[in-house]
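Shared between the two complexes below is subunit A, which has subunit B as its partner in the first and subunit C in the second.
On to the complex of A and B.
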């Protein structure tokens, strides 16, 4: 009887506990997620590999087995691609100054690259890309150099590779890269144009020009480099420097006036010139003339006024016009089909169609192959084509075309079809921004994603097995597959956590692409017509991309749009280009050529009534142009005009100047949106001792959660938070070069904090013996910068934190109660700030390519620094390690606050590389985007590769991780409920027994 | 540190590639030759060469970049006299940057030291300080870890309540229990009494 009264409370207690424990459980599972586990790779991150715009391509298809194409690109990448799929077998990214001049295959097993203006020759193993040898050629002046790898004349013997450029020829052994011989043809201003080897001979012929009017032929021994024969002749009217080898003894060159061709025949020391007027050859000849390097026997291709003319060379003075191909087009190099036969391809663009023609030298009038394919218009025109042949089953020749398009993409075309496409423009991203996805429409249920409860539970049971390490390898694979193909992350709608977004990138080719953050796929892409080469703009140049319209309250039915700013030419006074692109569809809404130049673009924190963001464009004449040009934006702008201050950093002049805006006196209607700059202040750095190395500011959209920082012993410090802080680092001019060029005594680094409204220098600090390169990041009230310490010969990172002293006495409660505080006084840049600065320096191991800081939606989460290291990895480093209040022995209260004991160098924990075991080759920049979930930041880093992930600097304290096992939770609840009933039944039974007793 | 062994260069670097540096036959600079060695660190089952396939050697923070050859050797040409920094970027390993001094006064004299721990190198043989593990390692399943987890604690607590509590109650004197119940009733329901 007695126990019966107690038991129901026990069961109740269990029930009460249950709720508590579940809470506890949620809490625990949420905080348990630490760094990445290996099986979590690819859940929240993606990594795409690119190579860049292809400059040269060499096919390797002779042998059976893997068919590949070796390419070199403008991003200094040498790569081997699978010819069937376009996948990268291997690639090597050379240094940023190590431009690849040429690539070829030697001995059928080595890829040979010539780079750095003809001074470095490297050989790479064809199957795996391992470097075999490297050779540095003593080239006095970097000049246009070329590589000549003789076709296997004697297979088995050590073939020589010839490198020529300027007046020197080097012959290197293709086995080990040793220089076998070197010939400096001791004639000033000699430009060797071409080296060639007549069939089956040990003599190579080198032809070139001396100065502008002399033509030289050398016969050089292939084995020793001895000059066996040399002949020279001069031509009165001179050459312009372009020449094309037509036969083994005939060169056709352009004369100095570029109006006639000169055929130069040379045989046994006799050189004959024949001048042929172009106007005689080509009907209606006019315009600019260039010779195309065709390397085709008996053929000559000249480009006249952007159309191509094919000429057939019959003899020394007999040229015949064959065909005219109008722009846009591309011509491939010649491809030997057999010993006597050569072929080449002409590609011609006609709106959305591309015509492929392959011609052989036997019959120039007719084509071996003629195909036409459809091409998306957003790839632009053809830039380059490389051809390769294969023998079909019926013993005829088939051709493959490797095509480089205007947007830098790479395509393989075979039998009239596109076999594969690589979007390699993404290797050269110039700028990026983000856009929210559309809101989910009603009627599309989220629940459909989870097919049914049973499937869902089964999935979670599998996951449970996985976490308990009970799963078999098959099941592990199944779990991985379930997680990776989760359709949730790739949907085209906005999600609750703000993980799904569009990253809108602008590439150097002038293409805008939208990437989905879920898997990095291209949602849409558009090659901006305004940024394409045209008659009006010969050299367009993509600059930046900004958010133009973000519908929020007013224009909800409209799609958001981005603004792409470009420049017509590289000079600062070149006219600007504007393009507005719809973020959801990629449609160009508006495109205009500006009448003024673009030297500085300022997105203002103002929008007009249709939520278009106001932008000020500062031109080279220091006039500010307001966009969008409508009266509504003007009205909003006038309200804020007195508060607009801006500055310009003039690195060449070592000057920083601050400006405000004023109305122009004369008010024309056209000039309504133009304002005049009014100089307010200027800071001139003494050019004999300082040179501006880097400037950094806070991100305009950064959100700071709290102004106050509670430190140990209940004290409060007020952060000096100002949007107008500019960090400037200057270095001594002597030490402005690379590391190793200056001694510690010569090197000095000054760090400045400048208020950009008043031009006041808030703080200045000098680092003795330090030099650049400097990388800096500013956030909240702190700056972190990375530089090289020459005395310790290590990299260093310093932190400066600024605190507002004028508010420091607001800690008194009584003052707050009596209203004697100054908390309501607005922070103004005009009032003389009373700031306190704390700083500290630490050693850091690696060179840094780029730095960024995490950004979250509300700014509550603690910050992490993102450091792009020289090894192309991205390291996340807690800001707590860069806290100037760190000391060697923190007190107990400081430890509770989370202050880490001071160490002389910053720790590098391998698990905190957010790129884990991947490399973002050629890393250039990292962009942080706050998610809606406060704990999480999205990180997009780009270089040659793209990498995206999301990180939680203080772990995901506000949501369950994807790993959370709902099944385990359910099972526990079921077991507990069952236990309640069992105990209840047991107690009833016992009670009955007691009563019977 | 001061007692660093002065290394002598060899005039022809190609004969003995393990030498630190050699004045190149032409041009104004010197040649630095070194070797990257990863031995006994193939616990992951990768061969040395395949692991070092992508190892890049970086001079002065990117001034020039070269690659490791199959045998582990690398060379920089035309390096002027002065103090330089060499870094090794190899995925999976942590290499200390190396400070390399090329003396201008005694052409041929070279010093090298790791910047991380100031260890002087007699030969430019670069070895990783440690292997880098980029992933957290999952703890294998064990009874203790399960018991320590919230679920385990909950199950344990439940078992305790079911099996131990009745025993405790049984051991109590029935009189006492009744008294306790009376007390509770009076305490919790003072209005009804």
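On to the complex of A and C.
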């Protein structure tokens, strides 16, 4: 770059070079702006690690070494947690589709995980989580599969790990993961239920069902996989597929009608069935029956109508009802205490109390342990429990309980106390929004905003004690916590720069949590009652969270609130759920079951007189419902109704349809708030050549500072700024699969820009040989999208900028000075402005998980694209690199404008990773929130982990850096003022002398 | 400036001492001194002296009036050296180029005060002085324009305009799931 400017040193060249050097300086300072020094890590950012809802847990509490529990979760994480503190020793996040089926510990040093429907087995080193080996099992169809790791560890002997699923059994060496033998039990529709190994034998038994009526038992050699014995018998009324192994030679199964139990005893190739009616066993039997997979000697647990019944198996045809435990409850797996004794735990909820009972198989009627603890109501019911025992000093058994709650949090309970808690619901955030903190009022101390008076007094007393050196270690810790809380970045009040906010997140469990942007702590949390499983709503799930009320001018005394929208069931026609939550306290203000379904939620740019935002909910029948339901909002809405449109993207039908609203209902009826859709336009993509891959729109709250783009030589281009631009990318159906599934000739990618009011296609472009996955982001007047170029074998990023040609004539300075122009006149989409499009494509090295763009308070600061990379990091890329006007040899004026010379690929500067050395595991989304300081954007990215930071795309040009020396500035000012006075006095004196001369 | 003023005053004071017009009236002339009976030779000499002084004054005034030319040339060179990009150096030069003529124009009267004389016509030099300074000002403004600091383009007026609001609002998209 520099060599092209080595001309003879004439004045012209000096001039040019001077400008160039300044440009270069600017360029470097801009690229370095996102970088941090090592000691700045953690000042403005925080990173929290989570694991998700625990599915399986295996304790590792040998006497030597650290006590730990290995867990696998629904977020496909396998992790080792410290049993004392709950901290993560190590953690491995598997791929998105690599569901963990089971986890176990082999040889006492490896953690073995079975995933992807029983097809991948991996071993991880127990102390540090390094992968030891991985083996892929040839499983024809992924099915329910299980892992069997022999418990009797004979050190030195290579233990085999058995994986069974469908009709095949694999035995793998636990040392290196080699498949030692494989047995395909060549019977169609065989479903192996259980594998077990009788004590001290080299034979394993596999029991299963063939079809729905036949029961099979195999005796297989553990070493070679040879079938030593095989027996079969059929039962005429059939099985439903659930079975529980009660003894080594007795299985209890449910029959096809689910009304009776069948005990199946097998011994030496003889299989006997014995049917027992459930109604004979269980008093007042009715409802749905399921067998709980409780591997417990001589006992059976069945769930009937959401209460649990324990049955004791005395013999092949003798069952006895023991106990009924009503909902809500949780039952643990069996835990061997000694060779003969087993124990299991039953947990039962009673309002805010949880009763823990541990029973052993010696005496089912009585409990070994009985404890009760108090539990916060905002954690919901217990979902799962895992138990572990330890020997107390008096040689009795003590128990630990690892409890998974309804909000996906994880607790360890020991001796009737909660030892630690992990808020792992935060690993599955569904949606998020932000809220401002309360204003720090003059005369009202911060403490009063935060707590009540008592707390405040207590805090001051503590501090006093601390200064008088009277505080105990606990109190010192409390003082530290208070200090941390009241330190500048963690205060519970609004700050001048707008850095302190609440991030309100909605998790999959239906819990709403408010996180403080200062350190990411949970300010409040609430498990929404409306989103909990209940009689009326069996399968609720959380959809979105929106800002409901943001008081500005009116209703100032009210707290802001958020709207949580859920749905009762998975179908699109399932009824919706509304919940309004106070943003400051987490109190549920209102909660209602809607009578209609929720398929679209449209926050409108209107508020009613109490500043509640108007929302239109569109149901599956294409009716629009207005919320909040009051006459005031209706009045506001009617004013704007002719200008409100909506559109529907139907991916299955390859169609986009646009609608307007009309109200047919009489006034003062319940139907008043319901509006009908009137179809205006539709765009049908030809299904043989195109398939909708992705759509993207501008963020509703994005602020654009100016409509003009000043290009080289002070020329003006008018941006086409419309909130109603929809970007749609379609791919050829043949190339809709994974990369490599189609040839470049078959692959096509079309990019559309559509006006969603009139349905006008503003621009359409075709990329030959390109295919998905497509990621797109729309902002101001541009779209950036990312896709794969099959011809170049590289990822590409394209930019489309759209300009308004109909305003391009507004170039007369005098008319502009005098205000005789039409640039601020409201624009209608029906005026069909002429548009001009500029676009360019660049290669990009990374594949992308998600994309976002920075947003600032006034939209003046230049933009950066945030790219969630495949390595779960967030990369900030200047929009300047994605400028369609880049050319190979920019002119002098273009260089001055900041246009970078054209390169074929986009640079990835290592310093511009805003996550620096951290990884946001399982990254799903990035949210940008404008701070009050124009130069700064807050970035919240979430996946399994949470990461928050603030970035300044053009550096913090509007504030001094934090390490700015105010003292030096003050001293300089003081010295200067003093110098002025001294010199003034001296000059006065001198002048006087002159006059006397 | 300050020094020049002081000099002029002292100089004027000396002249006033010898001047006939401003002699104190209340003090009587000494005995035998007749103001009217001055020597004609002496009077001639003083007239000649006054004429020479007037000529010198006019010459000086013209010199002062032409002084901005040098300034102008130097400024032009400096501006050319500074280039057309906006940075500290070019801005400093441009503003000094603007400030110098303005301050000079403000002090026109003071600059020519020492050469005030009933027999000297200071109007022409004054006009030249003003014209040259105006030329300097124009040069400065031209420089300001080349730096792009004058709002002479449409872009300067449009950038501050907010984007036009939209009449319609459309929402929707993919069904939420």
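In this text, the second predicted complex is superposed on the first by the 871 of 997 C-alpha atoms of A that agree within 3 Å, B and C clash if a C-alpha of one lies under 4 Å from a C-alpha of the other, contacts with A are read in each partner's own complex, and residues count from 1 in each chain.
Assume contacts are C-beta pairs under 8 Å (C-beta built on N, C-alpha and C of every residue); 3 or more make two chains touch, one makes a residue touch a chain.
Values in this document were obtained by computation on a predicted structure and should not be read as measured data.
*Asks:* Now for A:917: first (subunit B), second (subunit C), both, or neither, which partner does it touch?
*Replies:* In the superposition, A:917 contacts subunit B only.
*Asks:* Who does A:649 touch here: subunit B (first), subunit C (second), both, or neither?
*Replies:* Only subunit C is touched by A:649; subunit B is not.
*Asks:* Contacts for A:766 in the overlay, against subunit B (first) and subunit C (second): which applies, first, second, both or neither?
*Replies:* After superposition on chain A, A:766 lies in contact with neither partner.
*Asks:* Just to be sure I read the superposition right, which of the two partners does A:715 touch: subunit B = first, subunit C = second, or both, or neither?
*Replies:* second
*Asks:* Once the shared chain is lined up, is A:228 touching subunit B (first), subunit C (second), both, or neither of them?
*Replies:* It touches nothing on subunit B or subunit C.
*Asks:* Can you give me the overlap between the subunit B contact set and the subunit C contact set on subunit A?
*Replies:* 14, 18.
*Asks:* Quick one: which bits of subunit C touch subunit A in the complex? Just the residue numbers, please.
*Replies:* 80-81, 83-85, 87, 148, 151-177
*Asks:* So in the complex, the part of subunit A that touches subunit C is made up of which residues?
*Replies:* Contacts found on subunit A: 11, 14-16, 18-19, 22, 543-544, 565, 572, 598-605, 616, 618, 640, 643-649, 651, 658, 695, 697, 700, 704-708, 710, 714-716, 718-719, 721-724, 726, 756-757, 810-813, 816-817, 823-830, 896.
*Asks:* Okay, in this complex, where on subunit B does subunit A touch?
*Replies:* Counting only subunit B, the residues touching subunit A are 14, 24, 26-27, 49-50, 53-54, 56, 58, 60-70, 75, 77-80, 82-85, 87, 89-92, 94, 96-97, 99, 115-116, 132-138, 140-141, 146, 149-151, 153-155, 157-158, 161-162, 165-166, 169-170, 172, 174, 177-178, 181.
*Asks:* Across the complex, what residues on subunit A touch subunit B?
*Replies:* Per the touch definition, subunit A meets subunit B at residues 1-3, 5-7, 10, 13-14, 17-18, 21, 24-25, 28-29, 34-39, 41, 90, 92, 94-98, 122, 125, 128-134, 136, 138, 178, 468-470, 738-741, 773, 788, 790, 792-794, 845-847, 849, 869-873, 905, 908, 910-911, 913, 916-917, 919, 968, 972, 975-976, 979, 983.
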